[in-house]
Amino acid sequence: MGMLEIIRLTKHFGGLTAVNELELNINQGEIVGLIGPNGAGKTTVFNLITGFLKPSRGKILFYKEDITAKKPYSIAGKGIVRTFQAASVFPDFTVLENIMIACYLKPKIGFWEAAFHLSRYRRKEKYVLGRALEIIRFVGLDEIRDVPARSLPHGYQRMLGIAIALAAEPKLLLLDEPLSGMNAEEVNKTKILIHRIWEMGITILLIEHNMGAVMSLCQRIVVLNFGNKIAEGSPDQIRENGEVIKAYLGTMKYAS
Amino acid sequence: MGMEVSGLIVQSVLNGFVLGGFYILVALGMTLVLSIIRFVQLAHGEIYMLGAYCVYYFSVQMGLNFFFALLISTFLVGGFGILLEKIFFRPLRGDFLRSLIVSIGLMLFIQNAVLVTAGGEPKAVPTPFPGVIKISSFTISWERLVVLIIGLGLVVGNLLFIHKTKVGHAMLAISQDREVAALQGINIDHISSIAMFLGSALAAAAGGLVGALFNVEPFMGGFALMKGIAVIILGGLGSITGTVIGGLIIGLLDGIVPPLLTTQVASLIGFGTIILILLFRPQGLLGHE
Amino acid sequence: MNRQLKLNRGLVCLILIIIPFVIPLFTKEIYTFHILISVGMNIILATTLRLILISGQLSLAHGGVMCVGAYTSALLVIKLGISTWLAIFLAGLATLILAFLVGFPFVRLKGIYFAIITIFLGEMIILIGEQWKKLTGGSLGILNIPRLDPLITPGGVTLNFDSKIHFYYLILILSISIFSILYSIEHSRIGLTWKGIRQADFLAESIGINTTKYKVYVFAISCFFVGIIGGFYSHYMTVVSPRTFGFLFTIYPLVYMVAGGMEKFSGPILGATILTILPEIFRPLKEFQPFIFSVILMLIIFFLPEGLIGLPKRIIHLVSEKDGNA
């Protein structure tokens, strides 16, 4: 079922065209990979989908609703949540606090309940704490849950970033290079995590340079180069595609 | 009747240029200091005030020639600025809030030092250049003209220094990217001290010139500080031409509006414009950050 | 935090709350109460400033906001004859509305620019106060503002507010109420959200937090209480003029907050108390008092980066180091 429709999406930065007439459909329940050399426009596409950038042209529909150029928080509220490559966590918070702030969307708390810590508020907080602990366990971070995020090794910070996005109850999860900077053990852990998230029914759009991971995780792959979509298909099709190989000449990583 | 009005207009415009000159001097000094220590140094207004009092002291109490007094004062206060940076701001580099509070502490200290030693009543510096000159049918006082010329000279001299000398280029480099500048072999501490000296000297010169035209009193610094910040924002951080234009605009505002309305209205228009600029064009008229 | 620690904390808080209530038993010096009332006002100003800072914004408009509160309350009572209590509340409402009006455009600005625009906002408020003579009486201000209307306590006692001690109790109760509310909010999920916005506002937006709304709300809540204090001030001092709000009530709360310590809720409270009382202790030195103040201030900034709050820890550190070497 069509979840996300990207129609003729274009973004100019002065004289540079970062994204050019992109057409892309994501169906519910898929894991789609978005790959391409550095500078191909992948993160720009994420920024456009999630409202951090306004498109120069084009439309983005989420379940048929036009979300083009809406504010990021409202797009997140509709169920599209993304991770970031840099600044992926709240550095001064503990792991637990990082998740708890992301459990923001529901249940809603009002100003007066918070000001006076009414029993209704305390019940909601208990629920939120429970959810946060569940997510921490699911992601595998519960041994370090009271550690400040800035002290975590890089790989764990990225996993925490995914956990934060998860806590925001996404229907569509946009992961921006979740495996970058990770060692082999962390890569494995995260690959399994991504797969388990998908099994929960969450649709995933994944930017990654780690080709082994992309090939094994994704059912469909979209390839960008200089802002244009140059190929789309199953992992096998993409692997054989001449255009893709040309674009990537010398820059591909076959890590698994 | 027409003569009087046009005479008033000319006076107001001239006042505007004079004020603009002061504001530019203060703002240029502030920009130099800002680019080095990277926060708004609230005691800068007090540096300006110290310049005014030094000139008063040397020219009135010690009877020195006005220009001489101005020269000594700028050097003295410039050196004082170097000391301040070394002792108070360098150790706290990077910690914005604590630097800010230290500058507040300095501001209080300096204000009170002057208050205690010189007394709180405004002091007048007798005009070093009495008399007026007549250009066609308008009269302009000599002192205004001289102050204007000195101010202009200082601004131009400063601009030339920054753009044409090696040291000036080094300052520009540091203000843009400290680390890259260090990598290029620029001695950061050395150049920082020079910039602090220049910045403080400019403010002191402005204070001295203001003292010549108006009065000196211990709390004149706050006014200069506000105007300086306004000019920098209007002109745009990092743009020296912007500072000059911004200073002229605000100076002319403060010259032309008060005779018609009040000083409050002039400031209101000025600050209101600043707020609008911050909201809609934060880089100011010519800034590029 | 374990039980014992919580109990100790609670006990200390209780003692600290009871002490101010019994001070009037030990002294009737009018001037002492004037100082204590100033302490009360400064503490609230410093604490509200810190609240805004939690969300990553530095507001330097407190003076102007307080001016709006003071004049609103004074004018409502003088021109419309309403009860002073209602007027003070409406003063808070007025500053709340002002905060919302300017807040939405202002909070888009990052870091130092937000601070600068609030400086100009504060200054413009004061200039308007000086200029709009018809409404505000211009630079000379308003005189003879009525003191607070008499209040009949549950015990049947009538407080006429002709004595500073009455004002003292009022500001004491106001402080405790305001602190409880602000403390609760800060330690709720709302406070957590503010702290998150300060650390990574893009990240916060991406998980559904309307950062603009939160930033405006914290600004508005703080301005509400600053407005209330403004109203209190006008009926306590009975005179207001625009310039008095220019410098003191903007810069000093900032100083109290940083010197006291920004990490903890109690930092500004400690900073405001000590730094308000300090000048009074050195009052006999007359004109040299401001020197002492600024020197002590700079000593605190240089040697206590975490603020006065960190002093006990430092002393313990020093003492234990000495023992280690012995």
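First chain written, first letter: the chains are A, B and C, and each begins at residue 1.
Assume a contact is a pair of C-beta atoms (placed from the backbone, for glycine too) under 8 Å apart; a residue touches a chain by one contact, two chains touch by 3 or more.
As the structure is a computational prediction, the values presented were derived from the model and not from experiment.
**Student:** Centre to centre, using CA atoms, which chain is the farthest one from subunit A?
**Tutor:** B
**Student:** Which chain is in the middle, if each chain's centre is the mean of its C-alpha atoms?
**Tutor:** Of all chains shown, the one whose C-alpha centre lies nearest the global C-alpha mean is C.
**Student:** Based only on mean CA positions, could you tell me how far subunit B sits from subunit C in angstrom?
**Tutor:** 33
**Student:** Take the average of all CA coordinates in subunit A, do the same for subunit B, and state the distance between these two points in whole angstrom.
**Tutor:** About 51 Å separates the centre of subunit A from that of subunit B.
**Student:** Calculate how many whole Å lie between the centre of subunit A and the centre of subunit C, each centre taken as the average of the chain's C-alpha atoms.
**Tutor:** Computed value for the inter-centroid distance: 42 Å.
**Student:** Residue numbers of subunit C touching subunit B in their complex, please.
**Tutor:** Within the complex, subunit C contacts subunit B at residues 58, 105-106, 108-109, 112-113, 116-117, 119-121, 123-124, 127-128, 130-131, 247, 251, 254-255, 258-259, 262, 287-288, 290-291, 293-295, 297-298, 301-302, 305.
**Student:** Any idea which subunit A residues touch subunit C in the complex?
**Tutor:** 50, 52, 71-74, 76-77, 81-84, 87-93, 97, 100-102, 104-105, 109, 111, 114-117, 121, 125, 128, 164-165, 167-168
**Student:** Subunit C touches which residues of subunit B in the complex?
**Tutor:** Per the stated touch rule, the residues are 39-40, 88, 91-92, 95-98, 100-102, 104-106, 108-109, 111-113, 115-116, 222, 226, 229-230, 233, 262, 264-265, 267-268, 271-272, 274-275, 278-279, 282.
**Student:** Could you please specify the touching residues of subunit C with respect to subunit A in the complex?
**Tutor:** 181, 184-185, 188-193, 195-196, 199-200, 202-211, 217
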